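Following are the structures in question.
Two complexes follow with chain A in common, the first pairing it with chain B and the second with chain C.
For the complex of A and B:
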């Protein structure tokens, strides 16, 4: 099992900015954990995974509109809002 | 001391409330005094509104006066782990990410408790986003084990277990993804149940690993655990994994002399502390003396459980926690000038080290080139673990092991070694991977520290597990022992 990983690539995928100390620490700890995971690579396993749910039932409910949180409740917990809408940093540049 | 209100079980409280010898208000006032005197030592609660719980108690007393009592839980306090939504109260998950979040709605289990008249009593500390086994990963505060304040209470529902052991409250809710109810229950000498996957709705539980997460009851006695379970387990269309009415009939209990109890071969040989092994053997001997049949069972893939769990759980966590992007709720970095910076900086500032570690691990096991080697293999191992457990549970009613290999360790002892901490959950993880009900029952001491045994049963066998442990409890009245606070 391959255990090499690129901490910068992972941090980018996970949208995390890591300090140099964090990178060194997590690389070291994750290597240890991945070494421990090698028992999985050696194991004799069934060819395909069944969904590991004990009682399998289709539990999709009917798509019926119901009550949900109102605009006020949603904007109240948002980090920033204006005129009943959640505001975020500019997404599209003026030029584009 | 037997009359001290903080030591009463919920069942005893219900009897006194019914008889008119106790009011909910008097009970809550006594518990609040204990909270004021001792919570700073134990650190179980992160939030408690005294005026709110007194108002709830008065409303309960008023209902009772008018003959409109809602259930046997009416007027009885239930404390809530801080990852279960209560409208108008903080929902922090013990994370800086959600430090300022006030929940705009009630979880299904909270609606159920309110409908039963229970008092929703305060928020309990936990490992950040339920990731940990010692509650030391909380970004808010430390929680200590009431049996020894130098030690951890277990985790991630460490606040729940510590609050029960400290006599702050008779009942508490926890959540369990890999042992987060049962491991702290064992370390604090209380009862903790992880129900069958699907029995209790997770609507309003902050998601960690959705194929594993369950809410469950924690209490100081088996009767209380069952009382709380009954109030929580009901259908809910808002959680698609939650059983419909027709799917949730629990298997009937079995008399102890008819019980078949499975012991995994060699379970006490490796890595189990001497006194934990002795307490487990004593429990096995007790059941044998009661006429139960003790059978060795084979679970050859047990060694795969911990790695399988940490692949599946971190993969799901990396996906579930992608929602914390600083947009709709939770922490937003004040440094961000672009949307990508907003996401990256908010997450980097808001998450603690263990959460970052697990997100990175989960991202890795799902990433291109590695998903087949890790995530897909883990799913295959999970299938194998499930089928081995179901095969064993064809032959026996339940499987008995220790809950945790060793008693509660000292605060700070393992914080820098994630792998050592992951091994705390070696006996509890398989029940999550297989979706099976599992119960931790106090069964003795290792020196001065509580030890629990662990029962796992077939799907929907909660009543069997509770009945079997009730027989043990009746002969081992640990509940009347008090943590030396």
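For the complex of A and C:
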């Protein structure tokens, strides 16, 4: 296992099925990427604020309703739909 | 009940839909009861090229909540992406606040059930950890081989209120939710209609031997959607954990579901990696600076806290506990009472009794079924349509106190006021209800009644020292005045004549 990550775990999170060769290949590449961050971390830089951008409340949106797409437009861009709802493979996390 | 050797430790995560017209990061409208997918726009779906923009009212409602519970409002808050793949979530991430929530800390005062309805229960402060502003997710329904997705709920502003593990029983958890709902609704932050899914709760439960300082392994039961569900689930889960430990097994840290129909908990199929949400700061929504001027402006909107109001009623106005608990449960009702009491400050108790009993009863009868959320003790009523105005009730109490009408007549006048909205005085005059306080006329009637041989025996008894015998004379007198005589005056005159 490469330092700092578990390729099996990452593959699972990303919903990827990797062969043994691919695992070896990507582990190696990912290690190189992470090693490069170590190089970056060694760079001698002046201290900077943590936040890149802060907005004031004036950038907030008034609570005024806008347009909805409409159910036809929504279901049209979905791979499958039924009765105005988007149809997906059965997902269950209730008692079974 | 003997004390159990086990202590139950509970923390709640309460998800509340905030009262706004549009979604938290999109201007699509939301509301209950629309056709599926009618309240969806490109931002809600996270279509390419769209950007979320934060709803000002949602932020202000969240801050107002923080002020209501005496939380700290930080200088800045920020949003993060919580990544997970599930069809209730159109973007594959939920926008939430992980490291910089909109409120920090705070507390909610709760009242535990007292020994009886008339006796105040123990009060306790429940600390809050924080509250963060996030977006709700879509709704899934399962049918046959597939699932159907409705994104109307996706993007609805959701405030997640997280307590410290301060609750020690199912009853405390229920009391906490009741207190929280009262504060949220009275501040206008949320409607908390559980029937419409506007308030949902996750319960973290663990048990430990009394005296232990370390917390036991906890489980989290998700998506409880009623206060009774929370209560039942905690009782079930605590009993299950105690049984496991007593039988020498260990508690597994797990996510559980609750089946309200058969009152049983179950392990949710995990998803063992789902806890790795790979949070990172959302690059589309910059950190928000919260101006102190905004906090000060919202501070002025914080209503008096219910238990504060109750103590004021009991201590300053001398109202009994039972009446105050009815009044403080409904801000509009309490405000109405205060307006009436201000119009006639001599008798706040008298006014409070009319409000908490007669007015509330007639309003409940006049309005439709109580709100689905309400616990049976407190029916939600609409004072907006009430024909009686506070000053008019004050007027009724005043003329009753002055003896112009009797208490019995006052009931009749009240019913008429409720129906017509007329002043008490007008009704009294129109119906000729004025109590007869004309001593001359009353004296004549009394003389006639005591001259009647039928009451001679009672008179003799009274004169012989039987105080109660005098009451036998009052009935015929009252009858001859058609109930209009002032009872105190009858008593006084009778004694004079028999004396």
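Everything below uses one rule, namely that the second predicted complex is superposed on the first by the 75 of 96 C-alpha atoms of A that agree within 3 Å, B and C clash if a C-alpha of one lies under 4 Å from a C-alpha of the other, contacts with A are read in each partner's own complex, and residues count from 1 in each chain.
By definition in this document, contacts are C-beta pairs under 8 Å (C-beta built on N, C-alpha and C of every residue); 3 or more make two chains touch, one makes a residue touch a chain.
Source: prediction; values computed, not measured.
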Partner chain in contact with A:89 - chain B first, chain C second, else both or neither: both
Touching partner for A:41 - first (chain B), second (chain C), both, neither: first
Residue contacts on chain A - larger count, chain B or chain C: B
Partner chain(s) touched by A:67 [first = chain B, second = chain C, both, neither]: second
Which superposed partner A:20 touches (first chain B, second chain C, both, neither): neither
Chain B versus chain C as contact partner of A:33, first or second or both or neither: first
Shared chain A contacts, counted only where both chain B and chain C touch the same residue: 9, 13, 15, 52-55, 57, 59-61, 69, 74, 77, 86, 88-91
Sites on chain A touched by chain B in the complex: 1-2, 5, 7, 9-11, 13-18, 22, 25-26, 29-30, 32-34, 36-37, 39-41, 43, 45-50, 52-55, 57, 59-61, 69, 73-74, 76-80, 86, 88-91
Of all residues in chain B, those that touch chain A in their complex: 101-102, 104-105, 196-198, 211, 237, 240-244, 247, 301, 303-304, 306-308, 310-311, 318, 322, 325-332, 336-345, 347-348, 351, 353, 356-357, 359-361, 363-364, 367, 369-370, 373-374, 376-384, 386-387, 418-419, 422, 433-436, 459
Residue ranges of chain A touching chain C (in the complex, touch as defined): 9, 12-13, 15, 51-57, 59-71, 74-75, 77, 82-96
Chain A partner contacts - residues on chain C that touch it in the complex: 20-22, 26-29, 35-42, 45, 53-59, 76, 78, 85-87, 140-142, 144-151, 257, 259, 266, 268-269, 271, 273, 276, 278, 286-291, 294
